[in-house]
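Input: structures, listed below.
In what comes next, chain A is part of two complexes: it sits with chain B in the first one and with chain C in the second one.
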Partner chain A sequence: MSAAPHQTAVSPRSEILRVENLQTEFHTSAGVVRAVRDVSFSVFPGETLGIVGESGCGKSVTMASILRLLPDTGRVVGGSVFFNGADISKYNDVRMEAIRGNLVGMIFQDPMTSLNPVYSVGEQLIEHLVKHKGITRKAARVKAVDMLAMVGIDNPSERLKSFPHQFSGGMRQRVMVAIALITDPLLLIADEPTTALDVTIQAQILELMKRLKAELETAAILITHDLGVVADTCDRVLVMYGGKIVEQGRVGDIFYRPQHPYTQGLLGSVPNPKAPVRERLVPIPGQPPDLLSPPKGCPFVPRCRYAMAVCSDHMPDSYPVADGHKSACWLQHPRAPRADRAAAGVTR
Partner chain B sequence: MNDSTATTAAAPLLEVRDLVKHFVVKRSFVGRPLTTLRAVDGVSFTVNRGETLGIVGESGCGKTTVGRTVIRLYEPNSGSIVYDGTDLAPLTFEQMRPFRRRLQMIFQDPYASLNPRMTVTDIITEGVRDELRPADRKDLAKRMLETVGLNDDHANRYPHEFSGGQRQRIGIARALAMEPDMIICDEPISALDVSIQAQVVNMLEELQQKLGLTLVFIAHDLSMVKHISSRIAVMYLGRIVETGSSYELFARPYHPYTKALLSAMPIPDPDVARANRRIILKGDVPSPTRVPSGCRFRTRCPYAMKVCSEQEPEFREVAPGRFSACHLEDGAPV
Partner chain C sequence: MLRMTIRIVVSTVLTLWTIATITFVLMHSIPGSPFTRIDDEFGPMIQAMMEERYGLNDPLHVQYGRYLANLVRGDLGFSLTRPGLRANAIIARTFPPSARLGLMAIALSFTTGILLGVTAAVNQGKMADKIALFFATLGITTPNFVFATLFIYVFGVHLRWFPVMGIDTPAHYVLPLVALSIGTVAFVSRLTRSSVLDVIRQDFIRTARAKGLTRQSVLYKHVLRNAIIPVITVLGPVLATTLTGSFVIESIFAIPGLGNQLVNAVSNRDYTMIMAMTLFFSFILVLGNMLVDILYSVVDPRITLHNTNK
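== the complex of A and B ==
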């Protein structure tokens, strides 16, 4: 299946998405939560970018800010978002709607709440196509049947008439994948797409997403807390903590040569089932940061085994470690002392 | 009845035989059962003193129901639960009292399992409320908080003041306050963040060594179960399909379901993950209200044969210490 030509030509090296200094705040009764603080990154054609981090690190809010799907209490207070060459941060709602669900496909964690329970699956697929692509219902129906077959739903023309509750969790997530990809988007954003699924169903959906992404040559952003999912599917990875990107690099950089103490801590916290000997887990001590009153310096200071005086007062820049690999830690400053990792008990 | 001295040290602490727990989910207007959910449908396993038995399986496989039935939170339909020489299944509520103390449980949801209107001290010492004077209860709570790595100034606070990981520590402190022999941990870490999961797992391991606890660790996260367990039982649709030592089960799974489950497990190592050949199972787990005939796994099994729909495979020893329920030739790994 060949991808339909996209409206705007993109040269292979230019980014599909570029986010610059994005800042998002939530106004709550307890005060202002600074959920995303100065986040910048790019997505290139055909690649899968993983965003990992624990709950509250700002990974989902970053995406919601880009797509402007924030709840009423949230507000983007700074930064710009360039999609396919255009600055969409100033777009109004009408123009955003032409992007969301059309040029950007979206998959969310819970397929039950993302699908409308009172319309059949076919109706939702057809309406979606008619709205965004302006084709006839008849043509849309043909495409919907093709798409359901592509995501591995048996007997697709019959299943078009089914309602979301008649599908199992895994099947619903397949329908979500079909809806997300049916408009031939330039970018697919999947926010914890397999978190609610069982491991054998997760394997089905990840396999499906990998296959379709390759066939349709779509770029993707995969937001997850599961390092195993990232290792399996992503080309590049952003690690977020306390509303900031603390480390980014190719998947091998992040898993085999992690530089930021938080990334090292995350990797030390998960057992590797393929490890030949049983390794003791090295957890990160302490609790995640409170973003109501974020620390002045690095958000990881209270939990960091290498914390120095400078860390609590000044946020480090993102220092290049290798080509495309950057870490926002004072240890990577050219004049920083060499951390004795062995003495601090880091095994990986 | 409490004659624990009669058992030898080598006897397992817990021996569950043919445990069955069905739930009637729909009745006719005269009360006759119309739909029965066969949550646990003939499960047998043993847990030895001081070991950790991991129970894994996907949602709806009955792993949580097993845990809850063992401590009689649910009434078993049939089967025996021999705990330290005594069958718990027929005991009355009163007769269960001493055993409830020795068999504690930690729950999945650290938000729902603590009473929001009780202080931490009251939560931890609720089980011994009638036995200890207030001063001793405070003392006990302080000791327990210290054991699970919390401060004594947390003692007078309420659950909402704590994070998920801290609440799970309070849940563990509550279990430990009863000085149990065995703790059934029902998905104790799945609601927690990755970095906090490792904290709780390490603490459980340390406590087990220090106090000689026996653990049953129920979870769907295979890599964590492998990490913490000495033996593992794999459940599918109300039955145990395979058991073995944690190392051997991962190194050489026999049952096709175990193989698929292990191959589907995400591995936090890009090179290994990408080289991994996944067995992708077809379809979903059937509903436990409509269990397939013969082998329950046959509807998704890549090796299903004719016999599989006709005859339920026997749970048999396929290698020393290894049990599997499959019709395949000697259950040999394919």
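== the complex of A and C ==
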């Protein structure tokens, strides 16, 4: 794929990305916000990993921590990040720059503001390609035309000279996809790529990402709070809450056999248009935890209908439920009482 | 292109005509005559003759018509205090020194101001930022004659590094140049700083960083090109005021420039010179703003010069 010097040969089953015990803090005037608390997960070649959770749960910060794209107030204070076999958490800025936009492509939420208004789309497509691959601008431009065509932009060689304001929101997100994928990255990170788009465009962009990901054999992380998007595009899912991963598993596991009360609540609050009778949406009462002073035990305790005495004092381990399916809940403890799933309002 | 040129020419002429008219009316509504002297050095006879000679006794509309007719021919009229000298000649003689000094001051103050502003912004809240803030506040609040006098005392009289009178050699330019630039440097650096801080938070800067571009590339290519737009806005007026000379600086350093002439003209009630110089200043301002418009369209593709043709 690419020829970066640090890249080592990896067997197909070994992970592209392994994150171990990642911890990120923000230093604010109100105090230290512990946004990511001990997060570990892996991404395997070719798969799409979904990360879901409500606003402020640490999804985006986790991704920004991996590439060290945090704002000035944020700092990774612990953990390791192995990318393609190398521990990149100790890399300096220059070595990180060789990974960002080269081996890892990123797409962001709002295409209206994600492109620089004063440079042509062509320039924004090729500048990092020229930098990372050391090719001429002419060769890069040829590749850019191909890439624009691949993301479905008509008349690509002409459009290369256009500026972002001459594109619609959906078209701009296509350009962002092209920018992210033009370097043939090993991993694509999409941070809520469709949240700011209207529904028909959303579907087009997701379809496009799915197709290109398959064509280029890229692994992907998709951050979203839209469970429909997850069901449609992801192979595996991480559910985050209060800066921690509370449940992870294959899409089928999460949607049909959710174990963590938070995941169950999340699924219960999504409308089901196919339901035979009109069912009420069940919101999760309460507020997410204040990460300025994170709870000692499970962050979901105040909102959890199954909360037990142990939950407030001790964070549960991640218990394996099935192959690759883990839930960080005391209910999974072998000696815990069985929760009645029907009572949680989970009907699907 | 032709339509655009016509539009610009028409609007320039209209602007200058309006300014000429307003200045004319204002000048002639001042009580007394330009030849009135406190010490009555002329005597009423001579004063009447002078007024007759320069047509000041004609009805106002006649004077106005004559003024405009001369203006159309590019004739700004005879100076009232320097017999036989046209305003055109005085401007032609005194503008070059002012403009030379002004252009250098603008080049110096915008480059240093932008560099200081960027440095302060990327070091927001740190020592470099605080030092820059201190000097910017000092630069903005201290009048330039204070710096000019200080420089003359320290570098001219005490250390004898630079000459302090006139503009005969390049060394003569150093002190007036720095004294003239300090205020603008301070102003431009504050403007740049806030603009850079605003741009640096934008999503597209995060995109640029996510693309693995170097810090320098993100800053000087992606941030600065956007942050420079408000700075360009102030270039127009700064260009006009600086090119036409600073009375204070020109007086202190004995520079035979335009700024000096304007103040002389005002204190001598030289109607012709005042009107001529006001008009000339306006013309430079119009040119400056035109330059700003062109620079806008160069820096920001969303702005076009001929958007009325769309």
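One rule holds for everything that comes next: the second predicted complex is superposed on the first by the 332 of 348 C-alpha atoms of A that agree within 3 Å, B and C clash if a C-alpha of one lies under 4 Å from a C-alpha of the other, contacts with A are read in each partner's own complex, and residues count from 1 in each chain.
Here, a residue touches a chain if its C-beta (ideal position, glycine included) is under 8 Å from a C-beta of that chain, and two chains touch if they have at least 3 such contacts.
Keep in mind it's a predicted model, so treat the numbers as computed, not measured.
K.L.:
Is A:His132 in contact with chain B, with chain C, with both, or with neither (first, second, both, neither)?
P.N.:
second
K.L.:
For A:Phe255, is the partner it touches chain B (first), chain C (second), both, or none of the two (neither)?
P.N.:
After superposition on chain A, A:Phe255 lies in contact with chain B alone.
K.L.:
In the overlaid three-chain picture, which partner chain does A:Gln202 touch, first (chain B) or second (chain C), both, or neither?
P.N.:
Once the two structures are laid over each other on A, A:Gln202 reaches chain B alone.
K.L.:
Counting only touches as set out at the top, which of chain B and chain C does A:Phe108 meet: first, second, both, neither?
P.N.:
In the superposed model, A:Phe108 contacts chain C only, not chain B.
K.L.:
A:Val277 contacts which: chain B (first), chain C (second), both, neither?
P.N.:
The answer is neither, since A:Val277 touches no partner chain.
K.L.:
In the superposed model, does chain B or chain C contact more residues of chain A?
P.N.:
B
K.L.:
Would you pull the chain A residues touching chain B in the complex into a rising list?
P.N.:
The touching residues are 54-55, 168-171, 198-204, 207, 225-232, 251-252, 255-256, 265-274, 278, 280-285, 287-288.
K.L.:
List the residues on chain A that touch chain C in their complex, please.
P.N.:
Against chain C, the touching part of chain A is residues 67, 69, 72, 93-94, 96-102, 106, 108, 110, 113-120, 127-128, 131-132, 163, 165, 176, 179.
K.L.:
Within their complex, state which residues of chain B touch chain A.
P.N.:
58-59, 163, 165-166, 193-199, 201-202, 220, 222-224, 226-227, 250, 260-274, 276, 278, 280-281, 284-285
K.L.:
Contact residues on chain C for chain A in the complex?
P.N.:
124, 202-204, 206-215, 217, 221-222, 225-226, 299-302
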